[in-house]
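Each chain gets a letter, A, B and C, in the order it is written, and its residues are counted from 1.
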Amino acid sequence: MMTTKDEQVHQIRADELAAMVEGTLVGNPNLHLHTLAPIEDGAIGTLTFIRSQGFAKHWADSKCEAALVTQGIDVPGHDPENRALIFVADADMAMVKVLNAINPGTATPPRGVHLNAVIDPDAHVDPSASIGPGCVICKGATVSAGVTLMANVYIGQDTHIGNDTQIHPGVVFGDRCTIGQRGLIFANTVIGADGYGFLLATKDRPVTKVPQIGIVEIGDDVEIGACSTIDRAKFGVTKVGHRTKIDNQVHIAHNCIIGEDVLLCGRTTLGGSSTIGDRTMLGGAVILNDQATVGKDVKIAGGAIVLDVINDGETVLGVPAMPARIAMANIAAQRNLAKFCRRVDKTLKKLDSDYQPS
Amino acid sequence: MMTTKDEQVHQIRADELAAMVEGTLVGNPNLHLHTLAPIEDGAIGTLTFIRSQGFAKHWADSKCEAALVTQGIDVPGHDPENRALIFVADADMAMVKVLNAINPGTATPPRGVHLNAVIDPDAHVDPSASIGPGCVICKGATVSAGVTLMANVYIGQDTHIGNDTQIHPGVVFGDRCTIGQRGLIFANTVIGADGYGFLLATKDRPVTKVPQIGIVEIGDDVEIGACSTIDRAKFGVTKVGHRTKIDNQVHIAHNCIIGEDVLLCGRTTLGGSSTIGDRTMLGGAVILNDQATVGKDVKIAGGAIVLDVINDGETVLGVPAMPARIAMANIAAQRNLAKFCRRVDKTLKKLDSDYQPS
Amino acid sequence: MMTTKDEQVHQIRADELAAMVEGTLVGNPNLHLHTLAPIEDGAIGTLTFIRSQGFAKHWADSKCEAALVTQGIDVPGHDPENRALIFVADADMAMVKVLNAINPGTATPPRGVHLNAVIDPDAHVDPSASIGPGCVICKGATVSAGVTLMANVYIGQDTHIGNDTQIHPGVVFGDRCTIGQRGLIFANTVIGADGYGFLLATKDRPVTKVPQIGIVEIGDDVEIGACSTIDRAKFGVTKVGHRTKIDNQVHIAHNCIIGEDVLLCGRTTLGGSSTIGDRTMLGGAVILNDQATVGKDVKIAGGAIVLDVINDGETVLGVPAMPARIAMANIAAQRNLAKFCRRVDKTLKKLDSDYQPS
């Protein structure tokens, strides 16, 4: 098999690779492939992928020896004597198959409970779970079959961790939260801290904390990156739907309701009680105002700030977020704004002797 | 009492609730209330609150059975046979009272030091403190009466934790920092990492670290969210005043001076040596430039970038932050900028044959 | 020696200080200095520094008794009877020398492995390393000579920590990552979480995870702040060059390539596969788009968003980032935009009866 290290430890022949991904080989079946690279990089023994015509035009000059190609793409300049193209239904999916085959995986503690873990006698830990050193599982918590808590993970009182969920070191789950099956949570993420809720000071009393007594409820097949935070609801639920994928350093405030199959890229911030519909995608560092309402199948470009409502199916960007076509035109105008103002000032001054330039 | 779960475990009669919040009941005293909801949601057995005329107009159509209402608000369409309004001096404060009454609280370790905690023999830990597993308390540190360190908390050398402060799992306090009484710090926050201070490279030497030998000093009744960072001063003090409330993923750089009763919402970033006056409120994801000076009683809207000085009492927003009235007008103009430019270009071309459109 | 506390525990005479920094004293050699302050603050016994003419003009009114001054700066209003100026080649470097001399340092665990640390029998831990309580070192990992893991640090399988690197509590290194010598990593930072890589859902399949099988490779003399995240590559390497300094809450996505001597200030976000050349400086909260390419010796102001390419040596700012001169003019125009539009509307309406104001 292949490897991701520099040393050529393992390798695979081009025809074997074609069989593995159920593809059609055009070219040399005997190439020995042992590493992966983008099409612009590469060397002898390197496999790459061609998912669009834009990639295909680099093939002739690429140093990669083989490529997975989505069927229907025309790849000019192929040299079938010395190189190999493997046509598949979907080059991306084939690449996922290859990556899975060579994935060294994540080191995890063995089944059972490490001696340095602390499990409350009234917690329920399935015997097939793997609980690493330094983990703390509080009273009434449930850690289901196949769960992995790598190390120094904290599971609060009455919290439920669903089957086969893997939790990396340092993750903290507050009390009474739940996550479904096959979840994956990266290190130092915090689920279920108090929402940020205060009554403003008046002349009669200082700032007053509003107790945050709700919970966080996370569906199945959810992935959450490192150092992200999802706050518990004031009352009721902060909710993350099935199959939603959350990047690193994302902040989800109290009472947010996030649909299914949603993608939230790095450092996105959701204000309190904001909602996101199914299959919506947010780029990096997006900000949703408190109570913002984002529909289904929306695309929000990185860096956008959403003030209020985005309807189903819209593609928006900018500050504040607006439909992409208008935003792009405004951004273009902003890039030339100083020049535009000078030109207008000059002309108006010529036309109207009363005009005062800026 | 009430509950936040779906099951109707506990409930309270409307007249009992009125007595608890010292309110005046108008309507059915015998309703059994067992949960809370926003006025637009709700069902049989649900309590909500009406803090303004804007909420009141939803009452007639709401499915909630009872509401806490701030005195003086007119609630149209009330059906006193079947529903209940409870008039109080301040619906928000009454709701806080209700939430406190039903708050299940946070699970904490018992008094004393867990066997898996590591306490330096020269640390001072009050016997009434609760020190959970995995906590580390260094030489010379003081952990005062009633303090809770939940799990895996690190208290650096000579650091002082004031009475009744509660610290969630994974929090790290560096050496020589202090926090006052009744603090509340959520998981994985880091207090007292080095400030980011370097001398730029010259042709004679590489980038050079400026030792960060100051401390962090936090007042009483301060709340800090999860995954926030407050850096120690280069020399002197990074300071957070009494009763200031800090949300998740806030970053406070070295030598910042933050006043009392300040509110910092999620993901706000304070550059080095910036200062904030008492009672000032910052929305989410605000950025303060290094050395920015923000006065007292200022309001800064989410997403703003403050370059230099904001005077006492101002309300600002935008990038860069400017008085709200001007900023709102500029933002409105920006939203229509491309259209405006096209219209001006067209007219000027007509008026002046020499004009070159953008 | 001096102190950073209020009490005057230690002090140094002005002439001794001049000798220590190899400077030339002009003024009273017998002043007793015991603390440091900015030139606007200060009191009896306080040392400050004057690195530019801008600082020098405050000297006459400053309450500081002594100052380190970069040679060649003219300091008006000096009173050599009662105060002291110490001229040095570089006041900043002299201040670093003073700070290092009085630096109390960071409390660290003693040499050897704490009883509450968990070391895999197949891990390699140098006997001169200091491994604090709660640390976990996995199979095949190497912890080199002089390394300090303060507490609750997780070192993944086959990960390599170079000589004399100091790692603060709660840091997590995933599997197969490496860091060089003399590194300094602050608390709760996560190195080597999975990159955020998914194939978008199609009508035939849900969102699909792309295995992230690459690594993170960090050079020598790198400093990383608290709660930052550096993701492993999809395949290949996410790389941080020698002597690069990274602030708190910075997010570096998969496959980023960061050069040497780079400075990344607080909360900066690098999108996937973005690259940064040597000696480039990014201000706080900068965003780099996926695949953005930033050259060498670039300066990017805080809050900028980089969409695509910044060439070597450029200074840029704004959203999107553009050359500073143009961006400053555009920002100035934006600040007055509403006013400008009104004035233009008014004049055009007067000149052209067909014109429709905005």
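Going forward, a contact is a pair of C-beta atoms (placed from the backbone, for glycine too) under 8 Å apart; a residue touches a chain by one contact, two chains touch by 3 or more.
Quick caveat, the model's predicted, so the values are computed rather than measured.
Asker: Can you tell me the C-alpha superposition angle of chain A onto chain B, nearest 5°?
Answerer: The best-fit rotation has an angle of 120 degrees.
Asker: Give a one-word verdict, same or different, on whether chain A and chain C use largely identical residue numbers at their interface, taking over half shared as same.
Answerer: Different residues, largely: of all residue numbers at this interface, under half are found in both copies.
Asker: Using mean CA coordinates as chain centres, what's the gap between chain A and chain C in Å?
Answerer: The separation of the two C-alpha centroids amounts to 26 Å.
Asker: Could you list the positions in chain B whose residues touch two or more of the other chains?
Answerer: 116, 134, 152, 170, 188, 227, 249, 267, 319, 334, 336-337, 339-340, 344, 348, 351, in rising order.
Asker: Would you tell me which residues of chain B are touching chain A in their complex?
Answerer: 4, 35-37, 92-93, 95-96, 99-100, 102-104, 106-107, 114, 116, 132-134, 150-152, 168-170, 184, 186-188, 221, 223, 225-227, 243, 245, 247-249, 261, 263, 265-267, 279, 281, 284-285, 302-303, 319, 331, 334-341, 344, 348, 351-352, 354-356, 358
Asker: Note which residues of chain B are touching chain C in the complex, please.
Answerer: For this pair, the touching residues of chain B are 116, 118, 134, 136, 138-139, 152, 154, 156-157, 170, 172, 174-176, 188, 190, 193-194, 196, 198-201, 205-211, 213-215, 227-229, 231, 234-236, 249, 251, 253, 267, 269, 271, 287, 289, 305, 319-320, 322, 326, 329-330, 332-334, 336-337, 339-340, 343-344, 347-348, 350-351.
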